[in-house]
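Which chain is which? They are A, B, C, D and E, in the order written, and residues in each are numbered from 1.
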Amino acid sequence: MASVNILSTRGLTKIYGGLAANEDVDFDLQRGKVTALIGPNGAGKSTFVGMVSGRIRATRGTVVFEDQDISALPAHERIRLGIAYTFQITSIYAGLSLYENVAIAARRRLGSSGRAVRSKVEAVLDQVGLRDRAEQIAGDLSYGHQRVLEIAMGLAQDPELFILDEPTQGLAETEVDDFVSLIKALAGETTILLIEHNMDVVMRTADHIHVLDMGRSLASGTPEEVRANAAVQAAYLGSAVDA
Amino acid sequence: MTNARRSLYLHLGVIALLAALFFILPAYHVSSLARIMVLAVYAMGFNLLFGYTGLLSLGHALFFATGMYGLGLAMYHFDVPAEPAFVVGVICALVVAAAVGFLALRTSGVSFMIVTLMFAQAGYLTALYFGGWTRGDEGFVIRQDARVFLGADVSTETARYFAALTLFSVVFLAIAYLVRSPFGRTLVAIRENEERTRMLGYDTHRAKLIAVILSGTISGAAGAAYALLFGYAGATFATVQYSIFPLLWVLLGGAGTTLGPLIGVVFMFYLIDLSSSVTQAYMLIAGVALVLLTLFAPQGLAGELRRRAFRWLP
Amino acid sequence: GVAAASSFVPDVARFAHAQSSGPIKIGFQQHATGIGASYGRWYGRTTEAAAARINAMGGINGREVQIIAEDDGTDPKRGAEVVEKFAKQHECDIAFGTLFSHVVYGSAPRAGELKLPYFVVSEGHHVASGALNRYTLQPGITDVKSQVIAMAPFVSENLGKKVTMIYPDFAFGHDHRDFFTEAMTAQGGEIVASIAIPPTETSFTRYFPQIPRETEVLYHVMVGPAVLTFVKELGEFFGPSGPQLFGFIDSLEAVSFGSPGLEFLEGTYFWEGNPRHAQADQSEHDKAYRAAVGVNEMGASVEDEKDVSTYAHMFGCWETLNIIKAGMEASGYSGPGDRASLIEAVEAMTDMPESDDHPQGAKKFNGKTHQTFGHQYISKVMDGKLVKQHTTSIEDGMYEDEVDYTQMSF
Amino acid sequence: MEFGPHLMLAALEGAVTAAILALTAMGLSIVFGVMRVVNVAHGEFYMIGAVLAWVVASMVGVTPALGFLAALVIAPLVVGAIAVVADRVILERIAYDPDRTIVATIGLLYIIQQTTLMTFGPDARPVEPPFNHRLSLPWFEWGENGFAMFWPWGLSITSYKLFVILAAIAILTALWLFMTRTKAGLIMRATQQDSETAQAFGIPVGRVYSYVFGLGAGLAAMGAVLVVPIQQAHYLMGHDPLLLSFIVVIIGGLGSLPGTVIAAFLIGMSDGIISVFFSPTLAKIIATLVVALVLVFRPQGLMGRVER
Amino acid sequence: MLKVSDIHVSYGRVKVLHGVSIEARAGEILCLLGRNGAGKTTLMKSIMGLLPLSAGQITLDGAPLSGRPAHDVPKAGVGYVPQGRRLFPELSVAENIEIGLMTCGSGPETREWVLELFPPLRNRLEQQASTLSGGEQQMLATARALCLRPRVLLLDEPTEGLQPSMIEQIRQVVQRMKDEGVAIVLVEQRVDAVLSIADRVTFIENGRDLETVTAAHLREQPDLLKTHLGV
């Protein structure tokens, strides 16, 4: 029986030339749930998920995924264990077609079976509504569509744990709505760790919220609890809490 | 027709055309073409790394020369027959490529360029330093009577042509297959965005190392074949200039296309050959041609074909 | 006949009596670009002049001689391609004229396979060492082994016994090192240090401290455009008090002795293949040869006295062409079918007396090794002029045969 | 020669090499750093600089010093102008695409080389130094009777070589002031990193590129003018400076001015000093490998920024 | 003040804008609304002169802006916050600001002013821009554009990736600019944010401007949103 927590970190720390972007972050992620990671700009959210996925090397601390200590594994091996990661700053294959972008993501798992890859790619493109642009060169897409593509590449990997770093940045409202439905559809099978500043999206999707501030955990709980938390109010939401 | 099938026919067609040209072309062009095919193998090896993986090496002459010396020295000093000597050449290139890859891949981008350049330069100087063995810049001639490969006397026009064609075809088809394979697509992904590829779960370092080794080995095979087919090995082939040539060929022909290397070598060879019969200042013509080509065929000749007419071109 | 040499376009009528009135095509592998370009230009001028003279005298076997020059970029790969082009596209009767030995090595196998007689003017020890093939010959210029051996007696008797050698870390330099060391030891001398300079080096001073103090003679043989620097820095290093200098003029071919920095060479010795500056005892043949090529008494172009020739080597083109002519006439050469008999005819040659055909001096050709042997000259720089001090005998440069090409099949 | 003086001589020679190399490499560093194009023709700009120096010096001809001075002014200007034209006619039109620039500049290399060969011939052309005195240098040593000074055999330098070192330092300092004290350096770097956005902030990108290309070529030419009285102008002389400059630029750390100077110094020196201990070619091999390994273990170069 | 009249723009052979007209007035905020890929960014770039117009005209105070070289546009007083921030990644924060100051020769007091607007930047002046957090980058991008003391300010999704309190802050900055008489063109995806700040709204779809309405009008008739955006 797998444990409740698909991922836990203990004492995760990242220090950039004296400045701690993350300091002793202890974090548990419940299986099958949507967890939102929020916090002010520069709080260290991206750094945190970067260390979880292996993109950023931690200064110290451990990361346990599926009961396995993956702290020493290189990024690609962590991904292979079922972690998918989407970048905050769009990172796609600008010179390749949209189709090929998604296919590369799908191919790692589906490997040599061309047919399986094809049907996966088509399914994913349908899911995000980019099917009719499949042959377009990704770099020619508008910014919003590139963001969607970034999400599609994550989906194509059928991850256990899906880390999304501000996926709705630049999305039009209709697309944001589509995204919310997408997340809701995934929830249950896939564990989702979502970094978001759009409180509306957070409130509509998250089962659980974790707040980071100045590199440290500030609060953790259900959306209601977090929203009520005065410290979070002060550090993050400011007066603009309108969600 | 699917693209895969089209591509297969295209490649087989090119090979058939090359075979046919032997019977059609005048003698001079036949022997030129034999040489072109060997150099095209070199260019294809380079293209695998540069065009498909996005790693710009300025030290491929090291691999070419290693293959050349591997075969050449074995035959020259130890009277090893051509077949095992060829294997020796290829293996030497493989080992050197693995070592260079291991070290140089700690770097990327321009540093990779320079590191490979420096290794190649050290290789060139080593060939000179051990001049007693290698006969340095002057090089040495491989005995004509020893140049028999699988029973064929490759110092004759026919055998040479078909030996070159065989090597070319094997590499040509293998690369055409490789670049459509998942591994080949991974290389392209690395070229386009390495960080993203790593974060999709690919071991990019391993893939790059394999690419360097494959590329170096193919280049080495070309070097060994050159020595065997044309009977000469020398340090000139280890100079920087011979590292720049494949880059030029590939860029002219179209980087990241299977046909590009062949087209690039043919173009460059005949550009020099034809213009030099018109004028002593053929380098001027060649220079102007290169500049014009970059202005009007930005993606190389095969790249332009692909862009303008045949989107499916591999 | 020299007077007529100025008519470069031969009179067709003169060749009318030939069996086949087509010209004899001689593929001239020229270093027009690349590192050998200085030599290539003068090899070209000499070859033109020699061909014009032959044509003015009625051509070869009554046929006009046509020189087809192709640039090899001083590169062995292109060299081989050019040889192919001569054989198959231009349908040349023979190929000729290569100087740099890596180009010779790169091209000779193809010449052999194509059965194209390949007359090189390279002075390398490749032909006589047996490394090449029956179709490759060097009848017009003495090879480096012979040149070097011939120098040893003069050096040890007149300059000193303790020698330091500085040479490029090329096979050419290694030949100097090996053969001179051997010859010097035989003379009771000693090589106290050998300093091989890597190619592409552009400054040399830092290597000079490796020259031992006890050195009596510094033997230098550098090639390429950096030699001027080399000589200049040598002067600056030693200042007023250095060892005797003995150099090969290869260092200063195509370089005027008036160049800044060369004052320092005053009083030093040079090997010369052919004395650049017309000597007091200049022969009529040398006079005629200079006039034909267009070179003045100082070895510079008559049109531009700053344009100095590669006088010590380029005579080889002139003489080789005359030997080709003689060989073709002796064998009754009429076309590519007679290439083997042309080779045999040249192999049969022995003594070549000094003449307008051989203005550099008498030679002995060794048909077995395909190599010619001639006189060498040692000159001293006096008032910026090279003044001949010693002429070696042909025998001084003889060595045992290392190969017998005549035993090889065609 | 004794070890100490030998080392000193090698170091002095290394300093001269380093001085020229620093100038040439700085030209490349600016071009490479700002435009991110591999200018294969950089060595040819050096070469024409040298050849023009010979042309100018032999045309002026009154005294060597006057000729040299004229060359020092005219050659870099002419070469810079040629580069600006090349930028406008070729590079700008291919939008500085890295791959195409390589081919285009190889083309340029052929064109320049062949044109020089046809115009000025293949021979090495000397330029007389404005002044050139052999300066013997003393050496100090603890001997049996204490501290002693003597004049080792061969230990010397020429006044001109000293001048080259000083001139290089002066030019580089001026350049450094220009790049740091004026806004030029900032503009160049901004242009390099995002030319579209740079335009949106009022930077005339096209002109910046042209000037940078011209400046880079001019610096190479300046190095060349300084070097011709030591080494001769020759149509193939661009090859080595090109390779060495590239190595220096990368070892120094892309875009780092001090890094480039330090790397030039290290490479010039190491070449000289390693040659004290090994036979010349072996020394070259070792020096080459050492430099390669520096990069292997410090890929960002000596002064480059560490990536995350 | 800024007038865009019926411009047509393409990327190579792909035509993206098929006749767009907008007008930005001094002391007013014009918002552009449209789905992803509608052509909003393209329109902004065209105003900045970064893309050639195949037809149409852009004028600033009646003087033509189109046709001038791109680097002249900012000097005429047009500040631009590009989408996706587009900082000079390897320059430090201070240097990025310096570039903005240089454009129109603004002095140190401008620098002080923008640093006051975005206090987090002050602590990071020497940090390389690419290592800033996403939100910090966005602040820097806005600060850099303000350094021009622009008369026209183009903002392409300036609040993207910002924490709510920071969005509020940027909104206040924009408001302040407006009060100072700057003409502002704002691309925003969040309709609620737009409604609270805009004076007028132009809907863009498939490279055309569909309709321009006042914000008040839009608040009264939210149906318009549905028709144009499908919200």
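As a working rule, a contact is a pair of C-beta atoms (placed from the backbone, for glycine too) under 8 Å apart; a residue touches a chain by one contact, two chains touch by 3 or more.
Chains and their UniProt names: A, E = ABC transporter ATP-binding protein; B, D = Branched-chain amino acid ABC transporter permease.
Not measured: the values here are computed from a predicted model.
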*If you walk touching chains, what's the least steps from subunit B to subunit D?*
1
*Compute the centre of every chain as the mean of its C-alpha atoms, then state which one is farthest from the centre of subunit E.*
C
_Let me spell it out: compute each chain's centre from its C-alpha atoms, then which one is farthest from subunit A's centre?_
C
*In whole angstrom, how far does the Cα centroid of subunit C sit from the Cα centroid of subunit D?*
37
*Between subunit A and subunit C, what is the separation of their C-alpha centroids in Å?*
75
*Roughly how many whole angstrom separate the Cα centroids of subunit D and subunit E?*
45
*Per the centroid of Cα atoms for each chain, what is the distance between subunit A and subunit D, given in Å?*
49
*So which bits of subunit C are touching at least two other chains?*
33, 169, 198
*By residue number and range, which residues of subunit B touch two or more other chains?*
125, 128-129, 280, 283
*Multi-chain contacts in subunit E: which residues touch at least two other chains?*
131
*subunit D to subunit B touching residues, read off their complex*: 32, 38, 40, 90, 93-94, 97, 99-104, 106-115, 117-118, 239, 243, 246-247, 250-251, 254, 281-282, 284-285, 288-289, 291-293, 295-297, 299-301
*Would you tell me which residues of subunit B are touching subunit C in their complex?*
26-28, 31-32, 35, 125, 128-129, 131-132, 135-142, 144, 155-156, 230-232, 234-237, 272-273, 276-277, 280, 282-283
_Residues of subunit C touching subunit B in the complex_ = 32-33, 70-71, 75-78, 80-81, 84-85, 87-89, 101-102, 105-106, 108-110, 112-113, 124, 126, 131-133, 169-172, 174, 198-199
*asked:* Looking at the complex, which residues from subunit A come into contact with subunit B?
replied: 53, 55, 74-77, 79-80, 85, 87, 91-96, 100, 103-105, 107-109, 111-112, 153, 157
*Can you name the residues of subunit A that touch subunit E in the complex?*
16, 39-44, 46, 88-90, 140-145, 148, 166, 169-177, 197, 199, 236-242
